[in-house]
Structures are given as structure tokens and as C-alpha cells.
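Could you have a look at this structure, given as C-alpha cells, before my questions?
Here the chain labels run A, B, C and D in written order, and each chain numbers its own residues starting at 1.
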Amino acid sequence: SPRTSNLRWASNLLTRSCRASQPGHIRRFVTASGSTPPPPLLQRSQPSEPPKSILIVNKHRTKPIKEAIDAFIQHVRDNYPDVKVFHEDRQDIDIPEGVEVWRPGEGAAKIDLVVTLGGDGTILHASSLFRAGAVPPVLSFSMGTLGFLLPFHIDDFSKALASVFEGKATVLYRMRLLCTFHDKDGKRSGSDGGGKPTSICLSAVILMHTYGIIDWQVMNEVALHRGSSPHLNTIDAFVDGQHLTEAVSDGLIVSTPTGSTAYSLSAGGPIVHPSLSALVLTPICPRSLSFRPLVFPASSSITLRISERSRASAGVSMDGQVSRILGPGESVTVRASLHPIPCINRSSITEPEEGREGAGPGKEDDWVRDINNLLQYNATFRSKALLRHDRN
Amino acid sequence: SPRTSNLRWASNLLTRSCRASQPGHIRRFVTASGSTPPPPLLQRSQPSEPPKSILIVNKHRTKPIKEAIDAFIQHVRDNYPDVKVFHEDRQDIDIPEGVEVWRPGEGAAKIDLVVTLGGDGTILHASSLFRAGAVPPVLSFSMGTLGFLLPFHIDDFSKALASVFEGKATVLYRMRLLCTFHDKDGKRSGSDGGGKPTSICLSAVILMHTYGIIDWQVMNEVALHRGSSPHLNTIDAFVDGQHLTEAVSDGLIVSTPTGSTAYSLSAGGPIVHPSLSALVLTPICPRSLSFRPLVFPASSSITLRISERSRASAGVSMDGQVSRILGPGESVTVRASLHPIPCINRSSITEPEEGREGAGPGKEDDWVRDINNLLQYNATFRSKALLRHDRN
Amino acid sequence: SPRTSNLRWASNLLTRSCRASQPGHIRRFVTASGSTPPPPLLQRSQPSEPPKSILIVNKHRTKPIKEAIDAFIQHVRDNYPDVKVFHEDRQDIDIPEGVEVWRPGEGAAKIDLVVTLGGDGTILHASSLFRAGAVPPVLSFSMGTLGFLLPFHIDDFSKALASVFEGKATVLYRMRLLCTFHDKDGKRSGSDGGGKPTSICLSAVILMHTYGIIDWQVMNEVALHRGSSPHLNTIDAFVDGQHLTEAVSDGLIVSTPTGSTAYSLSAGGPIVHPSLSALVLTPICPRSLSFRPLVFPASSSITLRISERSRASAGVSMDGQVSRILGPGESVTVRASLHPIPCINRSSITEPEEGREGAGPGKEDDWVRDINNLLQYNATFRSKALLRHDRN
Amino acid sequence: SPRTSNLRWASNLLTRSCRASQPGHIRRFVTASGSTPPPPLLQRSQPSEPPKSILIVNKHRTKPIKEAIDAFIQHVRDNYPDVKVFHEDRQDIDIPEGVEVWRPGEGAAKIDLVVTLGGDGTILHASSLFRAGAVPPVLSFSMGTLGFLLPFHIDDFSKALASVFEGKATVLYRMRLLCTFHDKDGKRSGSDGGGKPTSICLSAVILMHTYGIIDWQVMNEVALHRGSSPHLNTIDAFVDGQHLTEAVSDGLIVSTPTGSTAYSLSAGGPIVHPSLSALVLTPICPRSLSFRPLVFPASSSITLRISERSRASAGVSMDGQVSRILGPGESVTVRASLHPIPCINRSSITEPEEGREGAGPGKEDDWVRDINNLLQYNATFRSKALLRHDRN
């Protein structure tokens, strides 16, 4: 099946010709009987064979994006004529000529490479298209401004594509979370709360209703929030089935390391390197002086259950998409997914700087660059010296 | 050599008869060519053979501790007559009768089990005795009050000991950090700063001076601090050789997950589960609004170098022991040690509760209990309902 | 008019026979031409004449509250037969016998003393009944559990009432905030957003629609929040007309010192003593590492304007009551109200402890007690010593 | 006496010809019997007579500073020939020609205006020269880079000086703290701990030893810290004589609003507007999850007493100058000083912008500018849009 091939390809990425084998930099795992998630990992890979199909994903449809897609398609046709190009079927979008429509789900055509154009939200959206299984490697282009999940500038697309076809692409496996919902009586329920989706995007609804898929994988986080209720909600948090704490708050976030720079950060969480396998539990405005963010191993399962005595129910957001409302007694269980997202990394096209201490090929330079440039991490009083009085 | 045997025994703990093999709960690793640190891990183990030597460690010498040691030795003699009992050689202490003196270092007798009596600091001290290599499994007793690193009450010592001899002990591998110092010119230097130890305990000094050991492994953290200088220091932090940030602050902490509930927590760091392999970088009073704690994978190496333009030097504390002063240009590099501490866990003597969801043998219940009871995690406004007016 | 008399009585409290005149403890003000808010202040007062009318306020209508009200009314009749008792007119409530209905608004009967029974929310509700002008002194009773705004246990009601009639009551003036709304074009609009109240309580709506009152005074805070929108909102904050910052966040809180222990605290704000005159600006989950709570003098006016490019509008909560939605270009201006709430204080019925340094009559002991007992302020690791192992 | 004249002149600033009298913007006070501190306040003033004596203060003696001082002195001679210029007597400095030496203390010549050249630390130093009484108005010049306490660029000195002589200077009264030390038995002791000063600057020592002055006024904060002790200290904090909490931590800070952007901010404290009268208590790395910064009215007195069971003593820093060590049982009491520092404000030389809403003459624009430019307050993810990929 297409999905399995994807998996195989991805696992090639994982195990074959791992160049980044400097002691102490890369941890290697033997996953026990398929039950353990492949870890977030940074690797230089030579896929057994180059991609045969590419899916283009974009969220918005501005003129620059349209033009970039056209140029991209032309480039693929000229340089990789055997490759099939797909575009997500969305009603508000006209599929570019010479491109086939692609719909997620069981019979979906096998995709070997996903290309996104837009902001961070576009990768989140791409992830949601594959939220029930494995994801092919993802190549993400920004349209000019920087983003946390956007290693490539659109002007670099031919270079980036070449690195993939030549087997030089480096991949960062970004962990995802698998979310399972349970109703009051402990029976599994869907992420759409039984047919009452609130603002979910169309393809997701189709996916779930048509194919009966009820779990959901997220890349950033699952967030529970009181929404517009004036009252706080009360949520019991369990770790591996053990009661951890009762939270009276605006809500709770379970985040991946990738998501640690998104909502969790705003709520006061730590910044976790995306190559670590971990779950972060961050409270949102807790009525407590002593609620701190917690970091768990990726092997943990976290259950958030709305307390029977909660005054408010909780809206569930998955990567920023409102999915459903949880009432008292209802719960969501979050654990590491088996299907991380292989994100093709900027170092695929940058030559290792000579002589930089410890910087082998495929180093995580994007992340350090990003927290410094995008988050303006620790960017403060020292720049003072650079400022001059703006006199009068 | 004694050390190698220790290692072998410890590695038996690690790989043999791992009962806790529930999918998703325990990650198993195959360590590549010895270069990767064995991960913090919780395991039920049957060591190939029961311990033949026990080292008793205590920091203070109060009457209750003295009496407990006497009772403990008597118990070992009565029940495990072939086991040799050692006691750390410290000048201020008279070695109990029938017990041999033990000194750390090259010719030291092989120890199969360490028993500590006292507070959290006693385990830190035990760790420092083995700070140059592997540590035998550690059994830690509190004298009555709780502690984060103290799974057993002294009254339970016979039960706990039995669990070890019967091969039923569960072990949590607590990660340690290996610290390497470099001088201005990048040459390695000792953790005592070249013969100028400030307040280091005697055995450490002996260890280093006699045997030329210059690295040091810590269990909680390495902390750099301006100490009593009125001025802030300026420290350049590097990750895997890449410049991360320049910190102007009171200091910086590199902590293990174990240490995340110690100094790092006070400085605003997150609480990290001890079964995760990770390094936490937490600033102490930074002159910046945007300095947040960072969590790195255990494969990272973090270098902290005092900037040439730092107004103050930095005192280095290793698990709370002041070791040396770093001046401008000098640095310390911190990475995961190959030798975590196998801490024998409370679940060794507790029967798994029947029917508790997800709670197999050897679950990390101690940690949830500890953050709730010891840190009073999130213990706040809800208890309000329990309070009554203390009228008049 | 009734309101003016209230004011006069309140100002008697303020200026007459101020016993708490220890140097350094109480600041005295001469308010310039009525334009400066009377400061939060703690004073022992002898009102010129004892109250002639009492308004009973309760939010919930449980059996214990009903019984307490009955007992209270009986007590007033027996002991202060000339005093008129009123009860707020709410549809879901039957007015106790012998008590007159009271409705806020222009023709409302003059009230000399407000008595509340219930939780902290009851005082907030009482404040909202007088949200357009001055508030008579408030005597607040809890039904047994503690609360931040609840100095008296219900069993002490006769004692507390006596202190008022005997002129021995001490008053803490709790600052309130006056909120003025403006639409896109800078024209003043109502707090109900032009007839689209969302979940506002009935009396408030009546008040505004009948009498055209469009400003609103709050005791805790004004909070702007994205509510159930998945998107962050963008709010421009101005201080005294000067642009302070652009906030991209879940929302912003402008809080009184009283409210600093409510929502603002959960969002990370400092705890501000209620006898200080100040405004606290606290962000809710800002997309910024460097957004810190700000404390302004009570003379400041803070304007929060939804940016034209905000992706989400903002729901406005006033003391936890959702009042209206602000869209792009709309704004709310918050400043200290001229009408703080005179809250009768626990020290009214406690005898000053002899010999306690600095503790004159009317000291703010409630507050220290409350942050320790209710918030469990700094209540942590030291209690460790008290815990014993719960063995097995 | 000189000091009284200073006071009179300062109080002229305070009460005469207050132009900034817009309702709601400026609070006016009548201080009761001299016992209440004059509040931090922003005022346009016309001193009865122009200054007759100027004291130049500088901390460092770089070439640019030397040259600036020479130019300044020349300018005064040319334009204000009757004005006497003084320079602080410090051993490491040669007094510029034509300038008289000035020493703090009882017989010191009366100073009408203090001029500082250098960084923020220079104003702190100037404050320490007048730490026993009132301070004349202070005019602070930076040497090019910005600083929180540095309204004027050195190139603007003639303009700034003119504003003072023409009576157009605006003053922000920055609150100071008065510190009183007590030994174990409650007897007052000196800030130098009875002749054991640790690193105090010379003039301070002279001041105290010669004139028996034992209290000290600070502008930023009093900080207690464990210094280089490996152990935490235990400090009992009292407010107005009432026990507030027992702090186990690295230390505690009592800060002014001015100091809220200094050490207190690094330790996690809120930013408090300098025109507010308040005390901020901020813990440094507390062993507690629930210790939050507290803001008290300026009328409060805060006592910090080292607990008898503290494992470490505490070094006391006053505005960054180490003054003494407090051992178990010893304490410091902090309260608002009667002598705030009149800091001449940038708006003295800027014309009010026409039409800016709410911005009368003398508005606190410096502060908003400073927290934005210097602290990069909330300066984060929005600037992202401005960044472009730094390609390759």
C-alpha cells in the first residue's frame, strides 16, 4: 500500500548510510517490535530511490504563492519529467494545470515528497493531511519571511529539490502526538465529538467521516481551553494512568518539542530542542502559584480528563484547529505517534563550514538560528551598546 | 579491575531479564560501540549474582545515623555473612567495627552496592566518590523525612536489602553529566583549577591529586555563578560547538533531569522527568527579558566560556560543591556521562497495585509522589475549601 | 440625592477621626479639585451617623445562605429597629419578608451599608450594582470557607454589625477601575457593545439600557481575550495616550491591586498590596519572550485598542462577566475610578495584639493571612521536614 | 545649613508653579507633618533662584569623559560665571583646574545641582554621596550609549543646563529606600557591620566613620545574597512588623520602582513605573514553587532578618555596592526615604509634540522609550516579518 511504501522509504532515511555518526551526536535506536516511536533524529540520508510523486501543499492562495507554484511545477517537469505532481483538493482552489488532484484517505495515491509553500501553518496543515499515518519527507518553503518550520527560501527551490533527488537531503524527524478521545464511560470517541465539529477544515471532516478515522496526530500541540466561558475549568491530569494533578486553569497544553516554541512558549513553557523525544505539559493561566511546566519522556502517555466538578467544558485545539468540546468526564489521551514528520533540513543545501568546532554535516544550525532570529532569544540589554541617543 | 566488574554488573542490570517491557512504556536501546550513554531507564533486574561488597556512605554523623549504621551492619552480618562491608574513609569519622575502610581511586576495592543514609546530599556525595567512572547500584535511606533522592525509609532496610539479594530490585538510571575544563588556550585543565581548590571536600582533592583524574561527573548540575562579586558575568554558551548566546547574568546552570528539581527549579527551570535523557540550560537572574530555559537532547555537548569582556569571573559548583573559579577565556564543557547512577527504586519493595491502569511493575510512582508531596506541585487554591475561618 | 449622601458618608469615613495616623503607615491626600481618585486606604472611622439602610446582596441562594439571611434580618429588626433592609431585585429570588426590593439606578433608595453573603464573586457582584457611582461601605461574610475578599465569618455577623453601628469599623478602600469604550471612529460606545450583550447579568443590562449609563467600574480587572477564536489577537496598548507596545497574545488584563490575586496572578502578574493605588497590565500568553507585567501609578490611563490587523476580535470580561466584543479599531480606556469600594475590615472586630511591633489598630493583617493561607504563598519545601514517609 | 537649603530648593521644585496640572495625570500631595515621603512625581518647576553651585560626578575617568568635563566647565565659566563648580574628591582622580574639591559630610559645601557623566552607575554613585540626606536635582549625561537613568546625551549639555537656569526643567522624583541595620539583640548597627566593610568605596567609609552616619539611602535596591556560600540562606521577611514569610533562597531584593528594571527584573520582578511610590520584594532563586514578587505601598516598612537556623549568612548589596554581611539574627529594615532624587528629565528640552493625545509638557516619555529601546520590551515575534532569509 502507498502508506507502507512511504514508511519503507522513510525508514531508509532512518537507517541507511547515516553519515552523521559522530559519537555523542546521534543516538541510534533499535525500535522494539514497532511499538516504539522512531525518535526525532537528524540524519543525512540517501533514499533507496528518488521520489516519484510530489504533493504540493499551500494554505493561502496569494499571487506570489500562485506564481511560485507555477514556477515549481515547470521546474519539476523540465528536470524530473517522470515525477507525478499532485495538489491537495480544496474547494476554494483551482488545481494548477498538469497536476492531479489528491485527497487524503484510504485509496489515496502514494506520495514520496511533500512540498509546502507559505507560513508555519502550512506545514501544520500538511501534517494534518497525513494525520492518520506516516508522512512522507516534507520540504518547506517560505515566501520570504522567516518561520520556525520553514528552512528554505522559495528562491532556493531548485537547489533544495536537487538535494533530495541526489540523496543528499538531511532530515529532522519531528515528533508528533497521537490523540485518542474517550467519552464519560471510557469508550473511544472521535476527535470531532460525534458529529459536532466546530470550525474544523473540510478535508479533515471528510477524512474522518468517510474513513472512520478517529485518532489525530499533531505536530505542535493539543490544547484544552475554556474558550469564551467566563469560568475556569478543572482538569485531572494523569501520567501513564497515574493521577498527577488537578488543574484549575484556563487550560492545559500537551506539546511536542516542535510545539515548544509555539503556544506552550507563550504560556511559559521551556524551549525544547526538536531532536529530543519528549512531551511537554504546560498550564495556561493556572489558579495556582506552584504549577510549573513538566517535561516527560516520549514513552509517557498523558490523559487529560475534564473533572465532573468542572464549571466549564474545554475546547480542544489540535495545532490551532478547533476540533471539539470536551465536557465533564470526557478525556483525551496523548502519546508519541509512530509517525514523526521527516522535515528536510536546511543543512541539505549548505556546505559545512570549514573548521567550525563540532559542526559536522547535518548539524542543527537551523534551530539555533531560529531561536535567536525569530524568538529574539536572550536578545536584550547587550544591544544597548549599539543604540545611540536619538537626539531630539 | 574493580571498576570494570562494576560496569559489567551494571550492564547486567541494563540488559538482562528486563521485565518492564510493556510497549510504549520503556524504551530499549542498543548502545552504539559504547559511545552513547546508557539512558536513564527504569528496569527490574536480576543481577547475575548477588552483591559481594557493600559501601556505606553517610555525610553527617548524628546519633540516629550512627545507630542505623550499626543496626544495618549487624543485619548484613546475620543475613549475608559473606558480604564485605566497607565505609568511606573520612577523617572526622570512626569506622564502625568489623568494617573496612574504603578510599576512592585506582586501587580501590570493588563495590557491588552502595548504601547511603542521610539526606539528598548523601547521594550527591556518594556520586562524587565515583565521579570518575561507573557507579554501583545505590540504595538510599532517609532518616525519617522525605527527600527527592530518598526512596526508602530507614525502617525498611531489611526489606530493601532483600529485594536486591533476591534480584527483584528495580533501578532508575539517573543520568550524570561529565565536565571537562579548558583554560584560555583550549588546553584541558582540572576541575580544581590547577591546585587552587576553594572549598572542595578532602576525598575529592585526594582523588584528583593522587590519580590525576581531571573530569568530574555530577548528578544534579554544574552551576556557574558570580558568587560574591558585585558584577554580573558574561558567559558565551555553545551547543555542539555552535555559538548559542551570550549570557549576562548571575550565572548559568546545566542540569540533569534529576537536578531539574534542585537549583534549576529555583532559577525558573522546568521539571523534567528523571527517566528522560536530556540537558537543561537555565539562566540565573539574566539581564534580559527573553532568556528562557532550554532543554537539549542528551547527545548535546554544552560549553560555557567566560567571555574575555566579562567583568566578573565565575565560581563553578558541582552538585553544590564549589570546585574552582573560571576566569575570562576559561571554559567548562558538559555532556552526558557514560556512567549514570543506578538508583534502586521504591517499587522494588512495593507490590504493583492490582488493576491500576498502565501501572506495571517498576512504574515511576516515586516521582509523581515526590513532586506532589515535596514540591507541593500545583498545591494551591483548591485546598481553600478545606480551610475554615480561624475565628478571632 | 441618595448617591451624594452615600458619597458624603463615605467621605466622612475618609476624613474624620482617622485614628491610624502613625507616621509612615498611612498616606494622607488632599485631592485636587475632585479630579484625583481617593486612594485605597485603611482607616478606622466614626461615621457621623449610623447606617439607616442596609442592602443585602447574595449571588447564590443555597439553604445555608437563605437561613443566614433570615437570621441576619431578624437580628437587625431586634437590635436596630429603625434600619430599613433592602434586597436586590432578582427574578430568580424571592425577597425575604419584611424586606424591600432594591433596584440599582437613578431613583434607587439610598443605601448606607451593603452586606454580602457568599464567595468572592458576591462582592464583585455588589460592586457591579454600584458600578456607575459611589459604593456604600461593604460588610462581607463568608459561609465558612475563606475567600480573598471575605473578612468575616457568618457566625460573627452581630459583632461585625455592632462595630459599624458603634463607629468602630475599619475600612480598606479598594480601588476600582473605570472603563470607557470607544468605537472605530473614537466615539464613545457602551460596555454592551450597542445592544449585543453576550452573557451579562440582567440588572446590569437594565441599568445600562434604562439610564443610559455607559461606563462601568470594576474591582478586579478588565480582561480582553481571544475567547474561542483559534487566532491570537493584536492589541495596541497606550499609556496616557502614548503608544506603549503592540501585543500579540491571547489577551491583556488591566487589574487593580485587589485583582492582582485573581486572573492577573494566574497569568503571571505580581501580587500588589490592596492599599496601594496602582494599575497592573498583565499579558495573557503573549507571543513574545520579553513581555513582562507592568505596574502603573493610579493616575495613568491605559487604552487597549484592537489593531486593524488583528486576526481575532477580543471578548471583554469585567470582573469575570463577559460584557462585549471589541473588533478591530475598537478600544477600551481604563483609569482609576473616583469611587473605590470601602470594604469593612476584619480588624474592626479584632483587638490589636499588645506589643506587636508596628501593629496599630486597623493594620492590614488580613492580607498577609490571605496570601499565606489562600494562595499558599511560598509554602513549599520547608514543610518537607514535617512529612514522614508514608511507608508502603 | 546646606542640607536644609537644598531641601528648600527641592521643595520649591515640588510645589511652585506646577505646570503639569492636567487632571488625572499628576497627583498632588500635602505631606503631613514632614513624616511622609514626598512622592515620586513629575513636575515642571521654576526654582526660586537659579543654582549657585554645581557638583560634577563621574565614576570612570576615560578620555572622552575627561574631555567632556573640561568642555562642561568651560561652558559654565563662559555662561554662568557666578556659579561655583565642585568635583568629588577621589584619590584616583585629579580635580580639574578651577574647580573645588567637594567631600560629603556635615561641613560640606551646599550643592544646588549635581551633574553626572557616565553610565547608570554614575547616578547610583551620586546618590550614594548624598545617602544620608536630601539630594539636589541631578542632571545626567550619557557618553553616547543609552541608559535607564540617563536622559541626556552629552552633546546636549548646554541646552540641558539652560533649561535648569531658565527654570524650565522638569523633574522626576525617584524614590529612595532608607536602610537601617540591627544586630541580633535588636540594637542598631552600621551598614558597614561594625567596622568590617567588605568592598565599600572609600568616600562611603569616610562618611560613616567620620560622621557616625549609619543609615544608607539607595536608589535601586537592597539585595541580600548568599554570595559564594554553597548553601542557601533562610530569611524571615516582615511587613510592618508582621511576619510575612520565611524565604529559603539565594537571597531577597527590596527594590524601588527605579530599581525594578535593574536586579529585580533579572530575578523575575515586574516593571514598576518610577512615578509610583512603592516597594518591590523579589526573591532570588527561591526553593519554592510559589514565591512571587510582591508590591507594597511606599508607607510599608520591610524587615529582612537572617533566620537563626540559616545555613548561610547573607551579603548585603546597596545599589550594587557590597556593604556588609548579615549573620543569623541580624536584620535590615527598609522603608521609603524622605529624600527622593529629583532627576531632571528629558522633557526639559523637548518641545511637547503638538496634538499628541494626553501628552502635556513633562510627560514620562523617557520611560516608555526606555523599556522599549533598552529592555527591548515585548520586542519579538512581530519583527519577524521584517527579517528576510539570509540565504546561504
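Just so it is clear, contacts are C-beta pairs under 8 Å (C-beta built on N, C-alpha and C of every residue); 3 or more make two chains touch, one makes a residue touch a chain.
Fair warning: this is a prediction, and the values are worked out from it, not measured in the lab.
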Furthest chain, CA centroid comparison against chain A: D
Distance from the mean Cα position of chain D to that of chain A, given in whole angstrom: 49
Euclidean distance of C-alpha centroids - chain B vs chain D, Å: 44
Where chain A and chain B are represented by their mean Cα positions, the distance between them in whole Å: 34
Residue list for chain A, restricted to those that touch at least two other chains: 265, 286-292, 375-377, 379-381
Pairwise touch network: line, ring, star, complete, or other: complete
Complex contact set, residues of chain D against chain A: 142, 144-147, 153, 155-156, 288-292, 349-350, 373-376, 379-381, 383-385, 387-389, 391-392
Chain A-facing residues of chain C, complex: 198-199, 225, 227-228, 230-231, 249-250, 263, 265-268, 284-290, 315, 317, 320-322, 375-377, 380
Chain C partner contacts - residues on chain D that touch it in the complex: 21, 23-30, 32-33, 35-36, 239-248, 257, 260, 265, 269-273, 275-278, 280, 283, 286-301, 335-336, 356-359, 363-365, 368, 371-372, 375-382
